[in-house]
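What follows is a structure written as structure tokens; I'll ask about it next.
The chains carry the letters A, B, C and D, assigned in the order they are written, with residues numbered from 1 in each.
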Amino acid sequence: MIYKVISKSEFTAFIDAIVKANNAYGPRRVDSDRNGEPIYKFMPVASADEIAFDYTATHFSAKQFFLPFREELSHFSFDEQDNWEQHIRYEAPPTLLFGLRPCDISAVNILDDVMLRGPYPSPYYLARRRNTFIIGMDHLPLPDCFCKSMNRHTVSHGFNLFCSDIGDSYYLSINSSKAFTFLKEFELRNPTPEDDCLLIERRKLIKQSFLTNIEVTGLPLFLDIEFDSPIWEKWGDKCLNCGTCAMVCPTCYCYSVEENFDIDLKGSSRHNRLYSCNLVDFAEVAGGHNFRPRNGDRLKYRYYHHYRGFSANDNQQICVGCNRCGRACLAGINPKDVINDLRLERETCKTGDSPSPNRT
Amino acid sequence: MQDGRFTLPEQDLNREPFAHRPPDFRQKSEVMITDRGYKCRITNIVPLSVHERLFQLRIVDPAERELFRFRPGQFLMLEVPGYGEAPISISSSTSNREFIELCIRQAGHVTSALFEAQPGALVSIRGPFGTSFPMESMQGGDVLLVAGGLGIAPLRAPLYWINDHRDHYRDVRFLYGAKQPSELLFTYQFDEWKTVSHIDLHAIVERPDENWKGRTGMITALLDDIAIDPENTWAIVCGPPLMFKFACSHLDGIGIPMNRMFVSLERRMHCGMGKCCRCMVGSTFTCLDGPVFDYWSVINLKEAI
Amino acid sequence: MKHLGFERSKVRVGSFDFTCCEGCQLQLANKESTLPEFLALVDIRNFREISSERHDDYDIALVEGSITRSDEVERLRKIRATAKVLVAYGTCACFGGVNSLKNRLPQEEVVREVYDGKKVETMPSTRIADIVKVDFSIPGCPVSKEEVERVVVSLVNRSLPTLPRYPVCVECKQRLNTCLFDLGEVCLGPITRAGCDAVCPSGKSACLGCRGPADDLNFRSFTDLVRDNGLSTEEMLEKLRFYNGFADQLGHEES
Amino acid sequence: MKKVDFDIDLHHLSRVEGHGNIHISVRDGQLREAQWAVVETPRFFEAMLKGMGAERVPFLTSRICGICSISHSLASIRALERAMGIEPPEEARLIRSLAMHGETLQSHALHLFFLAAPDFLGVPSVVPLMQSHPDIVKAGLQLKELGNELSIATTGRATHPVSLALGGVTRPPSKAQLLRLKALIAERRAALALATDFFGTLEIPQFVRETEFISLRDSVSYPYIGGDLVSTDGVVKEENDYLQMTNEYLNDFSTTKFTRLSRESSAAGALARFNNNADLLHPNARAAASAFGLEPVCHNPFMNNVAQLVECHHIVEDAARLVDRLLDAGLTDLRASWKPRAGAATGAVEAPRGILYHHMETDEKGKVVKADCIIPTTQNNANIHFDLRALAGQALAEGRSEQETELLCVKLVRSYDPCISCSVH
């Protein structure tokens, strides 16, 4: 890692040049909600002035750039002799992502663990990951962000370049030779002790700005113990099984595979499609038996996956605390309330004062 | 307006060799790491019952055939081109390197398509995947195999294994139950198992017909018929969840240690590689950590039964 | 053409319309780029809208529209008796569709309103399944040609087609739309069966539920959500009634 | 003259939209009866609309017809906007016009190639033509596809628009979509030329019955949305006076009403638009018209097919112009905000099959108090009916056989491109 400082105007020139030369995506303001608050999304950008540099958080995560909602895994072509060939392509065009937050980059790092470690690394993911150039930016948290609780409010790898706002300039963490080569064309200076000070101040400020904190230590154990807790039914009764939370989440990666014939019957293609454990048929097997028949069973699973972790990624918690799911959920279900409920359940039952007497 | 100096070069970023071309499996170990399967020809189809058939497959490419090795209890992802994939236990002998046998029930989209296929058709397999029965550890002990219904499919591989290495094991018993006599599969092999493999085989049905001369009742009734040496017995139990739950708790009752009882779990699977999360049981994957689990793990898994 | 060793044959279809706008049948002629391939899969035996040839040896009957007159009941029964597979095609056929909006008034009043004085026969709009057995439903107002293609391809390949079981929100999110609830509108996406690729919300227009209820929907939570967002219950009810897809849920609610 | 007796009884005429019957009865060589009876099941849209919130109205009215859903949607939007004093922004107007072009092109192509062409070539449907005339069918499909692509880009889908709304449009076509349309239009001109040559080779029956042609006219451009109501007999009225143009009356053999103005019947549609507005066509379209010898005022109903083809030329050129204007526009100001209020007004648009009126009356909450929709085919039914009588008479006089007469009558009805399910709404 090399550290440099760049003035804001020079930085804009740099971003403009690199965005113009590449297939680039960055945060843009696309709408205003009914309270007049801006809505940001990662959208194609063709020049620096299209980018909302001061954006807060995007509605959708950057996950789709690595795990598209729908992707062809392979294609079969059938011939007249009733033989077939399977074709698989992994290539991905080079893409530039600008403006990812530390939690977004952490999420990509988590996906790296899931998709690239273990016995069967995913070549589809790898191709996209390798061909994506990430420029990160820090920001002051929204009132409901809780990435600090998940220890994801800072990030030290997984990006090509990271920019911290220190007033008139950006403090750059350059983490790839490509980024360094690009930046050579621009006016940079080495950080002065004063710049370092500003950076530390900035970090402090960000850290102190979190208004939402969730206590997640010991959660894996709680989740195991509370597997049959009535709180799942309570929140499950609200859940619409709409999958919105999983679609906007930067780390939800569960998918389903579909295969369809081409309309001319001369081939077929196998696609994967982002799915969600909240959807009704996620755990249904052939013959119709559903291992998670109730809303609560399914909702629990998402929490189980996020805060307990699964064996395939070392039982690591995969939530980064961006609260996108909480903001997007129409039923008003969010991690903070669910986890607090779970803790309350644990802590009150210690005093023999369980709020849910019909527990078995 | 494009400035070449700032363009991300494709070659540079795509530098990982297998981002460009598929890996060459012939140089790899026995595990396959992508969605590319081995092309197989259906060489024979044997009807077993109304809804179950035995499919014999042969990997077309000799080099791939040479590469394909598996252990008893493992499964593969069977691709029926155009229709999709389904996880299926390998039901043949590990020493049979020429053919793979799969015992399949017509259950839904993919399996129904397979039932339309004619001998000679080309399908594809990925795998093998998953954990297996620890046949080596069982050496020197008694083996008790318990199957209910289609549960016999994953048990044929250990049965063949035992036949191949009969002198490694002491008493081998096979208890097999089905709803009705017509649903007992592989009855044509019973004699061979009894006389050639020296396996003590007992069958039972819940609803007998007029020709049925054997035992009637639930599979647990057979457990009362035989004398089990709990100290030295290893058990493999396959069948519907309710059945293995009863059988295992019975065996637990007579003192067989839980980590010497093995079951095979079934869940919906879409990838077989621990990515799609469809097959999760508690926090474990049926495809990576299973399908073979010892009973101790199963009772510790959320949602297993 | 052989596949997996069996010969695939064309499906012989008849297409029939009852009380409707014929928009669903029109979809068959849409998606022009694949139309020749599509027509190669079907043998059209009876389809008044596009052909004057009529035969009664179809295997699959696509039935569009709802039933609002007694002669239609007769015609439908005959079709059912001839067809091996009867597909209810479009929202009118599956749920009664917009035609059902007149059911809330006495039928004489409806006739008086439009035909003052003249006697015109009509009865409350009913879906196809209320009169004859339906083997498969393709909902949508209009149906999506992609889905129809998928169904026909499935039939040619001797497999059973399926519909998505989850709600429209899944597809809406996958198209990266801004949720209409964020913009202060009532959208039926959370309770409506997906499969349309969320066309309406993608056009920034609320889902009115033409594909009917999703599996295991949570109606209580949905009505709570409308209320908690301070949105109009009246608007919600008007939307829920629009295609008559939620008659069951509304029935429970109002009783 | 030979003494002939025959009855033509065509039940549920094929290759038209909706259900209609032709009855012709000849006794002793004399035409006793010639009837055009619509037997479509009515759906009572006017009753359904009562009490509905204005915002939902265009979604319901578009369901009147699967072929001209955009016209219905825009007619009710226009009526409601005029009733409540809403002014849609200019960019939205451009998008709406483009949507109308898409629908008309799609509908004309469907009619010309799928419904009418088989008649002229003596086959039961377009399917055999795919073998015998693959280039022509391909050209037809390409034109139809262009129409649908215009509708999809402007309204969200080909049938039953999703983004046309009161006050404007909810979502504009993206820049990528517009660029694609631009390229597509340029590419599909060849298909249109091919189609024009092909229709030039077909023989159009000679039949003339003088009638009155009614259409919209706005003095600046070929009319699609709004304008004056005019007729070839010289009547000119304001949009809100639509009832004086239609004068609906009931008859006892049909579930649709009949209309009339200065004569016993009148006609609407492509030929009517042409007869009233030929001067406003794009020069290319005018050139195509003269190549076919089509001149205003033409009284041969079979020429409606040619008028449709001429309009296709106009649409392709005008769509190219509109796409360019939209590419230059910012596409930011798309929807005027509005408050519901009480009011009443008419919205008239030129649907593919002719002038379409929606009249809406709202209360102060913006709910519909009264709705009235008069559909082009309703305005043509009487004309079809009287044309049939004249045509059958002429055929008899020419000594044509029963089969020939039947074919001619069927062709006549189809050349009106009737949309019956929509007329009995």
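In this section, a contact is a pair of C-beta atoms (placed from the backbone, for glycine too) under 8 Å apart; a residue touches a chain by one contact, two chains touch by 3 or more.
Keep in mind that what you see is a predicted model, and the values were worked out from it rather than measured.
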item	value
Chain at maximum distance from chain D, centres defined as averaged CA atoms	B
More contacts between chains, A-B or B-C	A-B
Identifier of the chain whose CA centre is least distant from the whole-structure CA centre	C
Interchain centroid distance [CA atoms averaged], chain B/chain C, Å	42
Distance from chain B to chain A - Cα centre to Cα centre, in angstrom	36
Between chain D and chain C, distance of the C-alpha-averaged centres to the nearest whole Å	25
Gap in Å, rounded to a whole number, between the CA centres of chain D and chain B	64
Sequence positions of chain A contacting 2 or more other chains	78, 82, 261
Junction residues of chain B, two or more chains touched	81-83, 121-122
Numbers and ranges of chain D residues touching at least 2 other chains	none
All touching chain pairs, where touch follows the definition stated at the start	A-B, A-C, B-C, C-D
Chain A-facing residues of chain B, complex	1-10, 12-16, 18-20, 22-23, 31, 33-37, 39, 81-86, 107-108, 111, 121-122, 124, 266-268, 270-271, 273-278, 280, 283-285, 288-289, 302-303
Chain C-facing residues of chain D, complex	12, 14-18, 41-44, 46-48, 50, 52-53, 56, 59-60, 63-67, 69, 110, 114-115, 118, 124-127, 130, 141-142, 144-145, 148, 155-163, 165, 170-171, 250, 255, 421-422
Of chain C, residues touching chain D in the complex	17-27, 29-30, 32-33, 35-36, 39, 44, 47-54, 68-69, 72, 97-99, 101-102, 105, 109-111, 113-115, 117-118, 120, 122, 141-142, 199-200, 202-205, 208, 235, 238-239, 242
Residues of chain C touching chain B in the complex	3-6, 157-160, 162
For the chain B and chain C complex, residues of the former touching the latter	42, 80-83, 109, 112-113, 116-123
